[in-house]
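The two complexes that follow have subunit A in common; it is paired with subunit B in the first and with subunit C in the second.
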Partner chain A sequence: MFSFTKEQKVFDISGTSIGGQPGMYPTVLFGGVFFKGEPDFDDAKRHIQTILDISKQTGTPTIPDFFIRKVEYIQPIISFIEKVLPRKYPFSIDIIEPSIKVETLELLTEKKLLSRTIYNSIHIGITKEEIEALQNNTPEMVIVVAFNPKNKSPDGKIEVLENGAHLTERGLLEIAHKLGIEKILVDTAALAPDENSGAAIAAIPVIKEEYGLPTGCAIHNVVEKSLWLNDFPLAKKTVDVASNNSIPLFGGDYAIFGPIENAELVIPLIAWQDILVSEYAENYFGVTPVASHPRRKLLK
Partner chain B sequence: MVEEYYPWGGEFTTCSPNGCVAVVLLNIQYTPPESVAIYGRLKTENIGIEKIVANTISNPHIRFLVICGDDIRGHRSGSSLLALHKNGIDNNHRIINAPGAIPYIENLKEDAIKRFQEQLNIVDLLGEKEKEKIDKIIADCKRKSPSSYGAPYIAIRIKPAMTVSLTDKRALHSKIVINYMGKVEKRGV
Partner chain C sequence: MKQKVKTSVIGSYPVCVDTLELIKDYFSERESSWTKYIEQAVRDMTTAEINFVSDGQTRDPFIQLFTRKLRGCRIRDRTEIVGHVEYNDPITVPDQKYARHLLPRNTGLIGILTGPYTLTKSSVDFFYHDEKELCFDFATALRNEAALLQKHVDLISIDEPFFSNELPEYAEELIGIITNGLSRPTRLHVCGDVSRIIPQLVEMPVDILSHEFKASPHLFDLFREYSCMKKMCVGAVRSDDVRVESIEEIVTHIKKAIDIFEENVVQIAPDCGQRLLPREIAFHKLQNLSAAGEIINGG
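Then we have the complex of A and B:
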C-alpha cells in the first residue's frame, strides 16, 4: 500500500476514471470477451449484464475487452458493442493482427465509437500501417505494452517506453504522444514463469513513480502459463482470480483479468482489496476515496 | 538426459533422445510418434522461437524440424520460425521478413542461430493437420537416419545485468525508495 511522490494522472473515458494515488479511484477491471470459435453473442450478452450488475453493486468499474481474431468478426462484434453496451459505456478492443487493427479502427470511426474506445494495444511490433490508421482514427485511450524481449526487468520495460530499446525508432510513449493520444495506460507485460514474471508487478510502482501514468497488467497470463497448476484444478482457479490482487496491492490502477466468466469472483475480490488500500491510504496519506469507491458503496 | 539436452525449458514432451526429428505444433491436435526426439507447441514469435532454437541445437541428433498445423493468428509464429531459418536476423535482432507482430530474437547469440540453420533441416508442413500425412513424413525423415551433427551446442541465454547493489534493504527497485510506511520516492532526488 503505497503513495507516490510523482503527481499521478487520472484519465477519464466515458465517465470511468483510471489512475491517481492508490486509494482514490477504484481499480478498473478489464474482462476478456474472447469468443472462442464462432462468436456466441447470447452468452456474451449474459456475461456483460453480469459485469454491469456487479460493478454497479460494488463500485468496481469493469470494462469488456473484446478480442477480435478474424476479419469477418469485426463487423458483428462492433455491432454487438453498439447494441448491447449501454450508450457511452467504454470498451476495449484487443487485437493481435495489424491488418485487423486497421480495419477495426476504420469501422469504429464510421460508427462514431472512438470516444469510448480503449485501444489494446500499442507495443514494439507497431507497423507503419497501424500508425497511419491511428493517426486517421485516433482512439480516446490506449494501452501501451512495455514488453521488451531482451530485458524483462522494470528497467527493460522503461527502456521500451522511453526510447524503444532499439526495437522501435522512438519510445512507445513518444509514439503515442505524436499520435495525439494523451490518455495512456501502461501495461507492464506479464510474462511466463521463468521469464521474470514477478517483474510485471514490481514494475508497477516503478513506472508510476517515473511517469505518473495509470499502470497495470494482465497478471492472470502468468497463471495460465504455470502448467504445474494443472495438477491442482481447484487451486488453479483460486490462483487465477487471486493473482489480480497483487496489482492494487502494488499501487496499480487496472487489471486485465482474463475471461469475463471470472467476473463474479474477480470483481468482489478487487472491491475488497480496494477497501483495504483505501482505508490505509486515507488514514496515513490523507487520500480520500471518490464517492463511487467500493469503500463508500459497500461500507455503510 | 532432459536437463542435459534441453536446458531452456518450456512446454514440450521428450521421447527418444537419439531421434532425429523435432516437431513444432502450431494450431493442431496431434501427438507425434514416440520415435521423435521432442515435440511441443509454439505460441509466440519471440520467446517461443528462442526456446525452440536453444532446445534443438542442444541435441545434435535432431536434424529435422517438422512444423505443422495452422499458423497462430496474429503472432504468425510458424511463418516467423521458417523466416528465421531461411533469413536469420537483422542488426535490430528482428527476424528478416518475418510476418509476426514482434519477431525479435534477443536472448540468443548469432552463433546459436547459425548453428540452428546448419544443424536443422526444416520440413515445412504449415497448414497441414492430417495425422497420416505428418506421420508418414516423420517416418521418411527417420528412414534417412542422418548422422549426429557432433557436439551439443548449449546456447547461453543473454541476460541483462539486473543485479544492483543497494544499501537500502527496503527497496523494491533501484529507481525508487519506499519508506517504512509505503511512501514511494525516486531514488537520489
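Then we have the complex of A and C:
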C-alpha cells in the first residue's frame, strides 16, 4: 500500500467520484450488462436493482456498463437506461463498432444523457467519423484503453497514451483532450497469460504516478483466458472474482469486473479490500476516507 | 561492356495499418498478427520486380524498430536510454525470415540495421552521459543482430543518416564493429548531403556505399574528385517527392552515375526509405526504377 507523489485527479460523474490517492475514495466497479445474446431486459433490471442495493449498503459505487453490439439494440438499450436507472445515476456504454458508437452518441445527445455517460472507449482503433461524433456529442467521461500491440509492458502503455505508438496520429490522451474531454479514466488493457498479463496491474501505479489520472482495468479477462483453470471450476469462479482485488491493492481506482451477475460477490470483496487499504493509508499517509467509503459505512 | 545493375530498396515501405482490426483482436482476446503488412510491402516490391527487397520495416519507424527491442531503452516521445544498451532477442530476424519465404527465386533480401550513431543521436540519454560509449554499445548490440541476420539475408545494409549531419571521428571503427567478419556483403546508406564527408565514406569498412544522388545530384561531381573504388548504390528516384520520375529520366540519371562510377554502379534504388510516400506512388516509383534498370542492363 502506498501513496503517489504526483497529485491525483478525482473526477465526478453524476455524484460518483473516481480517482485520488489510495484509501480516499472507494474503488468504483463496472458490471457488464448485455454482454452476450439478445438483451434480456427483465434479467438486467433485477441485477441493476441488486447493484443499487449492495452499493448503497457497502458504499462501493457500481456502474452498469452497457454493451451495445448491434444497431437495432441502440434504441431499446438507451430507453432501458432512461427508465430503469435512477434519474441521475451514471452509466457507461461499451461499444466496439465505430458506426454503432456514432449512432449511440447521437441518441444520447437527443435524450440529454451525455452528462451521465462514460464512453467506453477511446483506443487505437478510433476513426475520423468517431472523432467527429465525439466532437458533436461529447460525453462527460471517457475510458481510454492503453492497448499497444507493439509493446505490452507498462512502458508500451504509456507510449500509446503519449504518442499513439505511431498507430494513431496523436497520443490517445491528446485525442481526448482535443475533444474537450478532461475526465479521463485510463484502462491499462489486460492481456492473456503469456502476453504479459501482469503488466496491466503493474501499469496502474506507473500510469497514476505519471499522469495522476484515475486508472483501472478489466483484470478478470485474464482469468477467462487462463484455460488451465477450467479443470478447477469452483476455483475459477473464485479467482475471477478475487482477481479484481489486485486493482485497489496496486492503487487503482476502478475495476471492470465482468458480468453484472457477479456483483453480489465482487462488491463486498472490493469493499473489504478498500477497508484494508484505507486503514493503512490513513494511519501511515494520513489519507482520510470520504464519508461514503466502505470503511465509514461498514465499520461503525 | 554490358552493365549489370541490380534494383534495390533502401528499407522502409508504406503500409496502411488497420488499427481497428488490431483493437478488435484485443477485445476478442486474439493475438494480433503483423504478417499481412509484411506481405503487402514485399508483394509490392516483388511485383515491381525489384532485385533486392526488404521486409518493408513495417512495424515501426526505423529508430523505434530497434530501440523497442534493446535492453536499456524505453520509448516515450523519443527513445530514452535508461540503462546499459544490450542485445536481448532477435529484432528484425523473425520478419526477415517471414519475408524470405514470400520471395520468388532469384530475388535477394536485404537485412537492414539502423546504425549505432543514428540510434544514439535519436535518443535521449539519461544513463551514459557519454555519447561514444553509448554508440559503441549500440554497435555491439547491432553486431549480434547482424550475426543472426546474415543466415537469412543476402546483403546487410546499415542506415546512418546522421553521418551526413556530423561524422564522429570513430565512425569507421563503429561501422567495423558491425561489419567485420560478416559473411554477407555490406552496404552503408547515408542520405542527406554527404559532400563534406566523402573522403571518410570511401574508407568505410563496407562493400557498397548508398547515397541520395537524385535529391542531391551535385554529389556526382564531388565523388568524381575522389578515386572511389567502392561499389555504389545510386539513389535514382526521390523518396521525399510524390512526383513519379519517368523511366527516361531515371535512365538518364543512371547513365550519369555510370559515367562517373563505371562498373562500380551495382545497385540503383530510391534515395531513401519510402515510408512517407503514399503506397501507390512508392509502388509506381519502384516500377519505373525496375524498367529503367532493365534498359540500362540492355534488356
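The definition used in the following text is that the second predicted complex is superposed on the first by the 299 of 300 C-alpha atoms of A that agree within 3 Å, B and C clash if a C-alpha of one lies under 4 Å from a C-alpha of the other, contacts with A are read in each partner's own complex, and residues count from 1 in each chain.
Here is the rule we go by: a residue touches a chain if its C-beta (ideal position, glycine included) is under 8 Å from a C-beta of that chain, and two chains touch if they have at least 3 such contacts.
Small disclaimer: the values here were computed from a predicted structure and weren't measured.
The superposed arrangement places subunit B and subunit C in clashing positions on subunit A.
Using the contact criterion defined above for the overlaid structures, shared-chain residue A:N151 touches subunit B and also reaches subunit C. In the superposition on chain A, A:F2 makes contact with subunit B only, not with subunit C. Touch criterion not met for A:P76: it reaches neither subunit B nor subunit C. Partner contacting the larger number of subunit A residues, of subunit B and subunit C: B. In the superposition on chain A, contact of A:G125 is made with both subunit B and subunit C. Contacts of A:P98 after superposition on the shared chain: both subunit B and subunit C are touched.
In the overlay built on the shared chain, the residue A:P268 is in contact with neither subunit B nor subunit C.
In the superposition on chain A, A:A202 contacts subunit B only, with no contact to subunit C.
Once the two complexes are laid over each other on the shared chain, residue contacts for A:G251 go to subunit B alone; subunit C is not touched.
Once chain A of one complex is fitted onto chain A of the other, the partner contacts of A:P259 are absent, as it touches neither subunit B nor subunit C.
Residues 96, 98, 123-125, 147, 149-151, 155-156, 158, 166-167, 191-192, 195 of subunit A touch subunit B in one complex and subunit C in the other. Interface residues of subunit A, counted against subunit C in their complex, comprise 96, 98, 123-127, 145, 147, 149-151, 155-156, 158-159, 162-163, 165-168, 189, 191-192, 195, 221, 224-225. Residues 17, 19-27, 29, 31-32, 59-61, 64, 68, 74-77 of subunit C are the ones that touch subunit A when the two sit in their complex.
For subunit B in complex with subunit A, the touching residues are 9, 11, 46-47, 73-75, 92-94, 100-107, 158, 160, 162, 172-176, 178, 181-186.
Against subunit B, the residues of subunit A that register as touching in their complex are 1-6, 69-70, 95-98, 100, 123-125, 147-151, 153-156, 158, 166-167, 191-192, 194-195, 202-203, 205-206, 208-210, 227, 251, 280, 284-285.
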